[in-house]
Amino acid sequence: AADKTFKLAWSIYTGYMPWAYAEKSGILKKWADKYGIKIELVQINDYVESINQYTAGQFDAVADTTIDTLTIPSAGGVDSSLIILGDYTNGNDAIFLKGKGKTLADIKGEKVYLVQYSVSHYMLWLAMKQAGLKESDITTANIADADFVAAFGTPEVKALVAWNPATSQIRNMPDVSEVFDSSKLPGQIQDIVVANTATLKAHPEFGKALTGAWYEALGVMQKNDKEGIDARTFMAAASGTNLADFDGQVKTTGFYYDPAKAVELLKSPTMGEIASDVQEFSFGHGLLGQKAKDKGFVGIELPGGKVVGDKANVKLRIDPTYMQLAADGKL
Amino acid sequence: MTRVTVENVWKTYGKQTVLERINFETAPQSFISLVGPSGCGKSTFLRMLLGDEKPSQGRILVDGVPLQAEPSPDRGVVFQKYSVFPHLTALQNVMLGLELGQSPVLGRLFGKKRRTARDMSREMLKSVGLEAAESKYPAELSGGMQQRLAIAQALVKRPKLLLLDEPFGALDPGIRAEVHEILLALWRETGMTIFMVTHDLSEAFKLGTRVIAFDRRKTRPEELEAYGATITFDLPVMRKIVPPSGAVTSPAETAEAMPKVAVAG
Amino acid sequence: MTRVTVENVWKTYGKQTVLERINFETAPQSFISLVGPSGCGKSTFLRMLLGDEKPSQGRILVDGVPLQAEPSPDRGVVFQKYSVFPHLTALQNVMLGLELGQSPVLGRLFGKKRRTARDMSREMLKSVGLEAAESKYPAELSGGMQQRLAIAQALVKRPKLLLLDEPFGALDPGIRAEVHEILLALWRETGMTIFMVTHDLSEAFKLGTRVIAFDRRKTRPEELEAYGATITFDLPVMRKIVPPSGAVTSPAETAEAMPKVAVAG
Amino acid sequence: MRRLINQRPEILSRLLLAASPFFLAFLAYALASQARLAINPTDKLLPAWSTILDAINRMTFVPDLRSGDYLLLLDTMVSLQRLAIGVGLAMLAGFVIGVLQGLIPYVRATLANFTNVVSMIPALAILPILFITFGLGETAKIVLIFVGIVPFIIRDLAQRVEEIPHEQIIKAQTLGASTWQIIIRIVVPQMLPRLIDSVRLSLGPAWLYLIAAEAIAAESGLGYRIFLMRRYLSMDVILPYVAWITFLAFFLDFLLRGLRRVSFGWMYRGHM
Amino acid sequence: MRRLINQRPEILSRLLLAASPFFLAFLAYALASQARLAINPTDKLLPAWSTILDAINRMTFVPDLRSGDYLLLLDTMVSLQRLAIGVGLAMLAGFVIGVLQGLIPYVRATLANFTNVVSMIPALAILPILFITFGLGETAKIVLIFVGIVPFIIRDLAQRVEEIPHEQIIKAQTLGASTWQIIIRIVVPQMLPRLIDSVRLSLGPAWLYLIAAEAIAAESGLGYRIFLMRRYLSMDVILPYVAWITFLAFFLDFLLRGLRRVSFGWMYRGHM
């Protein structure tokens, strides 16, 4: 009998590059074979499109972030489970102001260019909350993520929120202050893999194979021997840059090389707070749709069955079982 | 043996009346010359005979049957502005009619049929003096050559009713006389009815069995719009040539077609 | 008082020789009728006189000066395919020449000058029988009406040299005779030189002071490409009308223009 | 039986026939939407009519919570303004250059190849350069529209000018016209309706560039809204916006056709 | 002095004139690049020629680390294939529908309004729907190209068919042609060169759609590479890619023009 095929959508971004390596090196196939399934990786150039396609049912899983999962598939009624917490951004996202020696407070009154309603926006919101600023203190303008660098090169853009690879480019520009970056919000901005809950229930082997492949790829990538360097060189090429630049990007990405660390975060109370923040931001920006009456409209189920928000409308489930299996070496 | 009956035909464009009260009947195998001043509606009248325009009032019968309201292969035409097909060579232009008739699906002939059609078309081209130009495209021909090509194209189909709108305007006297002969020969041979618009009165009388003139009765500028042209004279021509089929114009028919007004515009 | 000299002119298109060894000279104030079979190169010859085409060999002089190699207002033209400006009404088409001459920057006249130009143009339109159509666009006119408009447009400028390519082909005899008169009157009055291509020999002799025929000497098909047409006869016409300016064709000039071959195509 | 080409539908059947493909398209949508909603009632891809109506109402009649603007109105005004300026400038430049290039051999020799090559440059791909050169504001968007369509207008008009019968140009010269007079009295009046045609043809690409520019950097505009809404797959907003853009485009086209008909009577008279 | 319109440059000055705008463009680039690099030697926007040559060399002759492919070659093949299929299908469908719509009143009554409206839909804005309907594989990209240009081809051809002189259609009927025969013997042969013109005009938009589609979902292709490189503002790669696309587009156009000239001799003969 033909093996069942599952599809994962991913896009070019530091935190997702191990997938490219897992596919190319045969690690993914090895794990798929082990569980008697086929896994197809589809690279999509545009990040939002990859999530949209997953939401529309074209994919069984997608590599994205927690907040985007809540606002796109979950708000769209697609019950999704977070199965891999790959990394948190540890400086990959940053807020820049033009001029030397600026601080976050100087953002007041500026027009901030960012990808609206994205993780950037979310980080800006968190940062301003921390600094005691209100969103009404600024105005925002939308910009495409491919054009961060170009945009910052124009005179009228004085404030910008960007993510990698643009952040590492902009950091090198003269006369720029990086007034905030995601390393100040450890664990908050999570690059994850979510899978369709129903598919996962019917075929837990899909989750197992994905998780197994991910950690094996991460293991290789982490090493500094020839194999590790080759792996990172490959990832650098795939994301359109060179090894040095890519290593710089990896540095600002808080990979959870150890699955146990990731599980620990997901099970900690912090995850409940994060879930609540995410809901508040999404609701506050109208991202949960018109039917949403409060921020808990789409329920998030935490490990252990606790639900943040509406218990009757749980569409996002934090499910560390697979990572736990990896941590226990049971895959 | 076609008989055309025109019953009280009017044609108006918007407020402008172009033709009014046109009434006549033709004997079988007539050669009608249509004359009249420029702009009086001769081309318009031919377009109605062709089925391309409808009379605003009245009707036209062919052999007692109302005219088919679309052009058909029994009515050939040569337009005033020569219109041959620009994408076909002279020979292909002439062959087209034969091919269309015999090959409903592909519109092209092959093998023996094709050779027959080609020979017929070459014959026709030769008789209008275009044998040397058979593989030229229309844009490579002079005005008169295009007009001759259009004539050949219409004649090769041997229609029952042939409509000619100043067909010889662009021809030199030599060629013109030759084409006259071909036309007359074909007319005698096939017994078709011909309507020919011309500005050359001697040509009208030389070729026609009957000459009909259109003109406006009212010519004061303020009346020009409201009144159209109508038949101002209608003369049978006594022909020396008796059609070989024996269908001589009967006295009764000639009487019907008596001149009404004998003054030209 | 224009004198046109044609010196050993040849014209070839690619491998095809259209005209060869054309030689003649005209007396001032001539009216040359050009005749010849269709496709022999009459229009081509006019285009060379116009400055629109260059002779492949030989040259054309006007009053002893080589022809200006571009069309100029001293040479008017009426093309075989009537070409008036589609975006101007009949009146505007005629006025255009007057406006262009007097208003180099805007190409438009205003006030009194405009009224004068308009009156002249109306006069001209009236003499070709188009007074009722002055505010119509060319697409609204019949073929003959467009041709008359083109004539009016060329005449209103009173050029020194007027080139007419079958200008009367689409006109009915009544209008045709009238336009003949206007043309002759203007010719006498202005002393211009006219070249007119026509297929109507009686017209050629009626109007012309001299009739030139082009034709091919060699007519076997295999020779058609290589040999062009040339002058096959060239006849002075004794005119009853003596030009009022007194520039009667001198005997010497007439002798020069003696018929060479008297056989038409 | 008359030939198919000679059969003309009567006014009523014409209306019915014209309506039928639209009807079929709506039906297809309704069926597909129903099928998806039956599986997932909160599906966002093909929302139900009621959801779409809701969204239309919200975008049109309810002021935005944050800015107090009526979003549809705001977006429309902003986009139309960009479009109008970009297309207007392209029209002007395209007309002048196109006429000269079509008429004057020296200009043609100099520019024809260059405009041909420039018309092949994929304007979308050089957006970063445009942004940095012209800033992220209105200018870059207008320039993108301009750069995107002006080579087409030039080429199209130049070609049309070359199609003016040679006899007309000769005739004008025999009437004493100078090059300048030929331009203003013969070529320009005949080319104005062609310019309108040309602009009509380039409106499609112009919208495309507008949307692309707004998708990349903007704070309002129809393209901005669509791409923003795409972030959370709000097809209930995107679909009416697409329909609205289609309507606007159609309406502009209609206006241009009307303008052409009213101003260039000579093109519509007679049967020749 | 002859009129400007009658002055034709000789072959040599024609070449010089044609080269001059290109030369000026290159010069302008060189100056601007130098100026920027003088201020910031690591400026990426307008790289020096040497940097560009480096990048060209890398993309063309050095196999990619990731796949072992020669990237420029790979991207070109992939993009051209998409373009060829999309444009080819649009050509076919546009020709058939356009001819029928232009010639047959019943078809015109049914389709003319619909194709008009569809041609106004901004295809870019419905990209998400296309991707979801046709998947992320080659199909969606091809469909975008198809959907983007087919209404234009239909409209253009239908219009051209309507422009065939009425007399020709009448004449054909008097020669006994049925509707079908009119189509295959009169209309189709005269419309084939028009189809080529129409396709030439739509190649611009076709490239645009290709690039837009590849920007959103692809793993290779010229548009994909440009958008990948945009993240780093690697103009040293983007500029040669843009130039290469321009060249390809120009070359395609050239081929089509040649095809037209070779296959439709009748359009190029004579002076009328």
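Think of it as A, B, C, D and E in the order they're written, each chain with its own count starting at 1.
Criterion: a contact is a pair of C-beta atoms (placed from the backbone, for glycine too) under 8 Å apart; a residue touches a chain by one contact, two chains touch by 3 or more.
On a predicted model such as this, the values are computed, not experimentally measured, just so you know.
A.B. asks: Check every other chain and keep only those touching both chain C and chain D; list them.
C.D. replies: Intersection of chain C and chain D contact lists gives B, E.
A.B. asks: Moving only from a chain to one it touches, give the least number of moves from chain C to chain E.
C.D. replies: Tracing touching chains, the least step count from chain C to chain E comes to 1.
A.B. asks: Measuring between mean CA coordinates, which chain is farthest from chain C?
C.D. replies: Chain centre farthest from chain C's centre: A.
A.B. asks: Could you tell me between which two chains the number of C-beta pairs in contact is largest?
C.D. replies: D-E
A.B. asks: Roughly how many whole angstrom separate the Cα centroids of chain A and chain D?
C.D. replies: Centre-to-centre distance between chain A and chain D: 39 Å.
A.B. asks: In whole angstrom, how far does the Cα centroid of chain A sit from the Cα centroid of chain C?
C.D. replies: 84
A.B. asks: Quick check: how many Å separate the C-alpha centres of chain B and chain C?
C.D. replies: Each chain reduced to its C-alpha mean, chain B and chain C end up 31 Å apart.
A.B. asks: Where in chain C do residues touch two or more other chains at once?
C.D. replies: If we look for residues of chain C contacting two or more partner chains, we find 70, 81, 141.
A.B. asks: Give the residues of chain D that touch two or more other chains, as numbers and ranges in rising order.
C.D. replies: Expected reply: 3, 45, 128, 132, 166, 173, 178, 215, 230, 233, 271-272.
A.B. asks: So which bits of chain A are touching at least two other chains?
C.D. replies: Correct list: 52, 56, 146-147, 150, 153.
A.B. asks: Between which chains is there touch?
C.D. replies: A-D, A-E, B-C, B-D, B-E, C-D, C-E, D-E
A.B. asks: How about chain A: which of its residues touch chain E in the complex?
C.D. replies: Per the stated touch rule, the residues are 9, 12, 20, 24, 42-46, 49, 52-53, 56, 58, 145-150, 153, 165-166, 169, 172, 174, 233-234, 236-241.
A.B. asks: Under the touch definition given earlier, write down the residues of chain D that touch chain B in their complex.
C.D. replies: Within the complex, chain D touches chain B at residues 2-3, 6, 272.
A.B. asks: In their shared complex, at which residues does chain D touch chain C?
C.D. replies: Those residues of chain D that touch chain C are 165-168, 170-178, 180-181, 184-186, 189-190, 264-267, 269-272.
A.B. asks: Which residues of chain C touch chain D in their complex?
C.D. replies: Touching chain D: residues 50, 52, 70-73, 75-77, 79, 81, 83-89, 96-97, 99-101, 104-108, 136-141, 153-154, 157, 159 of chain C.
A.B. asks: Which part of chain B faces chain D closely enough to touch in the complex?
C.D. replies: Residues of chain B touching chain D: 69-70, 81.
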